[in-house]
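Structures follow.
You will see two complexes here that share chain A, one where it goes with chain B and one where it goes with chain C.
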Partner chain A sequence: MGRGRDKVFFLTLLPFAAAVVAALALLAAVFVRESLPIFLREGASFITSATWSPSTNPAKAFYGILPAIYGTLVTSAIAVGIAVPASACMAVFVNEVLPRGVREAFSSVVDVMAGMPTVVYGLWALNYLAPALQKFVMGPLHTYLGFIPLFACTPVSGYSLLSAAAILTVMVTPYTFAIVKEAYSSIPLKYREAILSIGAGRFETASTMLGMIKPAVVGAALLGVGRAASETVAVTLVIGNSPSLSPCLFSPGYTVSSLIATQYGESFLYPYMLNALYAAGLILLCLGLGLSGVGTLMMRRWRGLRNA
Partner chain B sequence: MRESGLRWRRVRDAAFTALVTAVSLAAVAPLFHLLWAVFSRGVRTIASVGLIRFLTSLPPAPASKELGGIGPALAGTALLTAVSTLISVPVSLSVAILAVEFPRNPLSKAVRVMSKAFMEVPTVLLSMLIYALVVVPMHTPSAIAGSLALSLVMIPYMTTYIESAMESVPRTYREAGYSIGMGKAEVTFDVVLGAARRGAALGIVMGVARGLGETAPLLFTAGGSHYAYPMGLWWPTDSLTLLIFDFAMTPYKNLNAVAWGAALILVAIYLIIFATVRALVKEVRG
Partner chain C sequence: MVGCGFRAFTALLIMSAVTLSALALAGYVTPASSVVLVRGAGATFPLPQILDWIRLFTPTHPGIVVSYLGIGSGAGQAAFFEGTTNFCGSDPPLTHKAWLKHHGRVMQTPYLLGAVVITYNLPGLGNATLRLTGKVIAMIYAGKIRYWDNPLIKELNPGLKLPHKEIVPVYRADASGTQYIFTLFLRKSAPSVWRASWVSKVAKFPAATQGFGRGGKGNPGVAEVILHTPYSIGFVEWGYAIEKRMPVAAIQNAAGKFLKPSVEGLEAAAAEAVKHLPKTPLGDFSRDLNYIVYANAPNAYPIACWTHLILWTHYKNPAEARALATFLKWIVRVGYHHILPGYAPAPQGVRELVLKAAQILESEDGAGAGG
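Showing the complex of A and B:
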C-alpha cells in the first residue's frame, strides 16, 4: 500500500528530473550535429590552421581555430599557474597565521570575489587592469626581456593575452582557494598535533600539511583550468579579439569562448561559420568535461584515501 | 651549530609568514580596488542623473553629452530572474529529492550525475544550445529563451545546495515519520523539507544570485535592445549584464558612464543578497 504511493511520488518527480537528462542529451546532439559539417570539410586542419577567413563564397570560406585554442590554453595555464600556488598560500594564511576570530571574515571576502558577476570584473579590467599592466608590466618586460618570444612584441594596447590571463587569475583564485582550503581544514587534528609535538615551526607545519593534500591541490588545478577556459565575457572585454597567431603575450588574441562571443552574432551571414563555432564549442566542452572529470575523480580518490 | 640552526628556522618561519600574508592580501586586493572603482564611478553617474531617473529612464543616445538610465535593462533582469527562478525551483527540488530520498535507484543516480555535469558546461555554450533549440524555431530571441538558458546555470547550483540541506536532516526524523504511517511523499515534504526549509531556501537564493549576475547565457538568447522595455515572455529583452557588457565596449564616454552606474546597481543587489544569506546562515548554525 505504502509502496504504491511511493512509486507514484517517484513517478511525479521523474518528468522534472528527466528534463535535465534531456537537456544534456540535446546539448550533445546539437553540438555534434552542428559541428559535423566543418569537421567533414576541413578535417584536422580546423584545429591546426591559424587562418580564420569568413567568406560569403562557400568555396573560399575557411576556418582554423588554432589561435583561439592557443589563447585558451596559454591564458588558463598562466591563470592557474598563479592561482593554485596563491591558493595554497592563502590556505596556510587562513589556518596558520590569522587569529581564529578573523578567519571567517577573510573567507567571506574571498566568497564575495567568487560570486561577483563576471561582467563587472570585465568592466574593471578593461578600465584599470589592462592599462596598468601595459604601463607597469608589459612595458618593462618588453624592454628588458624582449629577446624571449613571449615578450617579443611591443605592447601596443593593454588588450592582450596577458591581460586576459591576469583577470582570469583574479577570478579563478577564489575558486581554487575554496577547494584547497576545504582540503587543508579537513586534515584530522591528530596529524596536526603530531607535527607540532615534534617541535615543527610554522614553515615545517605548513609544508607537511600541504604535502598531505597534494592530490586535492592537483584536482583544484584541473578544475581551475576548466573554469578559466569557460570564462567568456570578462575575457572578451580585455583580450583584444584578434585571430592572429602570435606566441607573444602582449598581442591581442582570442580564446575559444571569446571567439564564440564575438563572432556568433554575424555567423549566419557566412556559410560554415556557425558550424565552425559549434565545433569550437564542442572542443571546449570536451576539454572542460574531461578536465573536470579527472579533477573530480582525483578529489574523490583523495577523500577516499583520507577516510580509509 | 644548534644555536644557528634554531635562528635559521626562526628566520625562515618569519619570512614564510611574510610571504603567505603578502600573497593572501595581494589576492584579495583586486576586489577592494574593483569595489572602489564601481562605487566611485557608479555614484558619479547616478548622482548626476538622480537615482529614480537612472532606474527608470532609457539609456542616452550614443555620442551625445546626455546621460540616461537603465530602465529596460533593469526590467529585463527582473523578468529573466523571475521566470528562470520559476523554472529552476521545481526542477532543482525534484532532482534533489530523487537524489537524497531515492539514492539507490539507478535513474536518480543518473539524474544526479547529469545535473552536476551541467555545472561544468561553459555558460556560453548553454547560450548556443538554447539558440539552436528555442531561438531558431521561434525566429526571435526572447525572454523565455534567456530564462531557459539562465535556468540551466541555476539548476545545478540550487540542486547542490538543496541536496546538502536535505542530507543534513538526521535519518531518525525520517524513521519517526514512517513509524507513524507516513508515505515517502509526506516524509519528504513535511518532515525533511520542513526541517531543511531554511537551508533549501538559502540554496534557492544562492541560485538566484548566480543567475542574476550571468551574462554569457544571455548573449544569443535574450537579444533585447537596450532602448526598449520587454513586452512579455515571447519578446526580446535586455538585462543589466548585457547592457554593461555592450556599453563597456563602446567608445562613447556617456555610454561607458551608464555602464558604471549599472554595475553599481548590479553589485549592490549582489552584495545585499550575499549579506542576507550570510546573516541567515549564521542564524541557522547558531
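Showing the complex of A and C:
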C-alpha cells in the first residue's frame, strides 16, 4: 500500500520536473538551430571580429561580437570583483558589529534593493550615476592615473564601460550579500565558541568564520556573474552602446545582453542578424554553463579537502 | 509648455485605454456586422499623431473603429504582409523589390511630414542658436572635427564663444528610420566626407565604430545622453526636441539658407519633393526619401522627412476597404487641421495621392487583382 502511494506521489511530481527540463532543452535546441547559419557563414570570426556591420545586402552583412563579449567579461568581472569582497565585509559587519535590532532592518533594506526592478536602477544611473562618475571619479582617475591604459582615454562622457560596471556592482551586491550573510549567520554557535575559547579577537574570529563559508562565497560570485552578464536594461542605458574595442574603461562599449536588447527590434530587416543575435545568446548561455561547471568543481574539491 | 511630456504621456495612456475598450466593445458587445474594425501597425514616429486622429475620428464615425500599434516600421510591414493588419504605417517606403513583388495589389503614399533636428549640449552658449552645415556635421560624426572651437565651426558662428572641448557625437544604438534620414542628409549634403555605406538605419560610421561617440536607444535614450553629456551633439525627431525643450541648430539647406525646423520649411521641402513622385499610389515610391531630404528649394528645411501608409488595393471584406477610405478622406478634410507639434500636414500633391488611394479603395472592383 505504502509503496503504491509513493509511486503515485512520484508520478504526480514527474510532469513538473520534466517540464522544466524540457523547456530548457527546447530553449537550447532553438538557440543552436537559429545560430547555426551564422557559425556556418562566419565561423570563428563571429567571436574574434570587432566588426558589427548589418546590411540589407546579404553579401555585405557581417557580424562580429568580440566587443560585446569583451564588455560582458570586463563589466561582470569588475562588478563581482567589488561586490563579493564588499558583501563579505558587510556580512561580518552585520553579524559582528550591528546590534540585533538594527541587523534585521539593515538586511531588509538590502533585500528591497535586490528586488527592485532593474529599470529603476537604469534610470537612476542614466540621470545621476553616470554624470556623477564622469565628474568625480573618471576625471580624477584620468588626471592622476592616466598612464595606466585602463584610464588613458579622456572621459568625455559618463556613458562608458566603467559606469556600466558601477551600476552592475550596485545591483549585484544585494544578491551576493544575501547569500554570504545567510551562510555566515548559519555557522553553528559551537564553532564561534571554539574560536573564541582559544582567545581569538574579533578580526581572527571573522576571518576564520569567513574561511568556513568559502563555498557560499564562491556560489555568491557565480550568481553575481550570472546576474551581471544577463542584466540588460540598466546596462543599455549607461554603457554608451558602441561596437568598438578599447582597453580604456572610459570608452563606450556593449555587453552581449545590451547588444541583443538594442539590435533585436529591427533585426529581421537584415539577413543573418537574427541568427547573430541568437548566437550571441548561445554564447552567453555557454558562458553561464561553463562558469557554473567551474563553480561545481571548486565546491567538490573544497568538500573533498574538508572530508579528507 | 511645462508638463507637456507628461500630458502627452497621459493622453497616450487614455487613448490606448479608449482604443482597447473600443476594441473589446467591437469584439464582444456590439454585433460584429455593425462595426468595422480597421487594424494598423507600424512606425512609432507618427504614433502620437495617428492616436490623436483616431481620438477625433471615432466619435463622429460610430461604425468604424481604427486601431494602430507602434511596433516599428519593419515589424509593421511584416504584420501587414502576413495579413495580421489591414494597413501599415512605415517610415521608409516599400523597397523596390518588395514593391515589384506585390505590384498592382499594394498601394503606398506619404501622408505626414516630420523633421530630424540637430540638438546639442553646449554650456555657456545661452540662448544663441548654433549654425551648422551638413559638411561640418558629417566631419564631426566622421571624426574629422573633434573640438568645438574648430575653425570650420567658428566660421559659421562668428558671434559665438566656442570652447576648446571635445565634441561627443550621439547616435542611435538601435536600427532607426531617424538615423537613416540623418545619414542620408549627410551623404547628400557632404558626399566627399560621408560614404555611401554609412547611409543606414544602423550606426556604421566612425562615431560609433571608433567609440568617440555615444549611442542611445530610441529618441528618449539619445535625448537623455545629450542632456547629461556636456559638449555633446546629436539628432532627434523634432517633436521630441520640442517636448524636452532642447536647443535646435539652424542647418544650411541646399539653397544655402540656414533654417531651423518649421511647418513652412517642411511643407516647402515636401512641395519640391512631390514633383518627383509617381502620380498614383500604385507607383514605386522606393526612392522618395531622396527627394525630400535636402530638397532643392529656397525655403526647405534640409532634414525633412515623411512617413508612409501602406494599403492593399482590395480587401476580402469590402467594408474594411470602405472604412479605410473614409478614414483617409477624413484625414485630408479634417485631420490635417489638427496637427500636433513636431509634425506638418502633407502638401497639395500628397493630398491628391491620399485621396486617390481612397478612391481606389472605394471602387467596387478594386484596381488590381484581389489581395
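Just so we're on the same page, the second predicted complex is superposed on the first by the 267 of 308 C-alpha atoms of A that agree within 3 Å, B and C clash if a C-alpha of one lies under 4 Å from a C-alpha of the other, contacts with A are read in each partner's own complex, and residues count from 1 in each chain.
By our rule, a contact is a pair of C-beta atoms (placed from the backbone, for glycine too) under 8 Å apart; a residue touches a chain by one contact, two chains touch by 3 or more.
Note that the coordinates shown come from a computational prediction; the quantities given were computed from them, not determined experimentally.
K.L.:
Looking at A:Glu266 after the superposition, I want to know if it touches chain B, chain C, both of them or none. Which is it: first, second, both, neither?
P.N.:
A:Glu266: touches chain C, not chain B.
K.L.:
In this superposed model, does chain C or chain B come into contact with more residues of chain A?
P.N.:
B
K.L.:
Contacts for A:Pro252 in the overlay, against chain B (first) and chain C (second): which applies, first, second, both or neither?
P.N.:
Touch status of A:Pro252: second partner only.
K.L.:
With both complexes overlaid on chain A, does A:Asn127 touch chain B (first), chain C (second), both or neither?
P.N.:
In the superposition, A:Asn127 touches chain B and chain C alike.
K.L.:
Output check: A:Ile47 vs chain B and chain C. Expected answer is one of first, second, both, neither. What do you get?
P.N.:
Neither partner.
K.L.:
Is A:Ser244 touching anything from chain B or chain C once the two structures are fitted on A? First, second, both or neither.
P.N.:
Second partner only, chain C.
K.L.:
For A:Thr154, using the defined touch cut-off, is the partner it touches chain B, chain C, both, or neither? Pick first, second, both or neither.
P.N.:
second
K.L.:
One more residue to check, A:Ser108. First (chain B), second (chain C), both or neither?
P.N.:
Only chain B; A:Ser108 stays clear of chain C.
K.L.:
Would you sort A:Val20 into first (chain B), second (chain C), both or neither based on which partner it touches?
P.N.:
first
K.L.:
Residues of chain A that sit at the chain B interface in one complex and at the chain C interface in the other, please.
P.N.:
Of chain A, residues 126-127, 236-237, 261, 265 contact chain B in one complex and chain C in the other.
K.L.:
Can you tell me which positions in chain A touch chain B when the two form their complex?
P.N.:
Residue positions touching the partner: 2, 5-6, 8-10, 13-14, 16-21, 23-24, 26-27, 30-31, 34, 85-86, 89-90, 92-94, 96-97, 106, 108-113, 115-124, 126-129, 170, 173, 177, 201-204, 206, 226, 229-230, 232-233, 236-237, 257, 260-261, 264-265, 277-278, 281, 284-285, 288-289, 292.
K.L.:
Could you please specify the touching residues of chain B with respect to chain A in the complex?
P.N.:
9-10, 12-13, 16-17, 19-21, 23-24, 26-28, 30-31, 33-34, 37-38, 90-91, 93-95, 97-98, 102, 105, 107-108, 110-111, 114-115, 117-118, 120-125, 128-129, 131-133, 152, 155, 181, 183-185, 188, 209-210, 212-216, 219-220, 241, 244-245, 248-249, 259-260, 263, 266-267, 270-271, 274, 278
K.L.:
Note which residues of chain C are touching chain A in the complex, please.
P.N.:
Its residues touching chain A are 72-75, 78, 95, 166, 168, 173-176, 197, 200-202, 204, 208-217, 221, 224-225, 228-229, 231-232.
K.L.:
Please name which positions on chain A make contact with chain C in the complex.
P.N.:
Spelled out, the residues of chain A in touch with chain C are 51-56, 60, 126-127, 130-131, 154, 156-159, 236-237, 240-246, 251-253, 261-263, 265-270.
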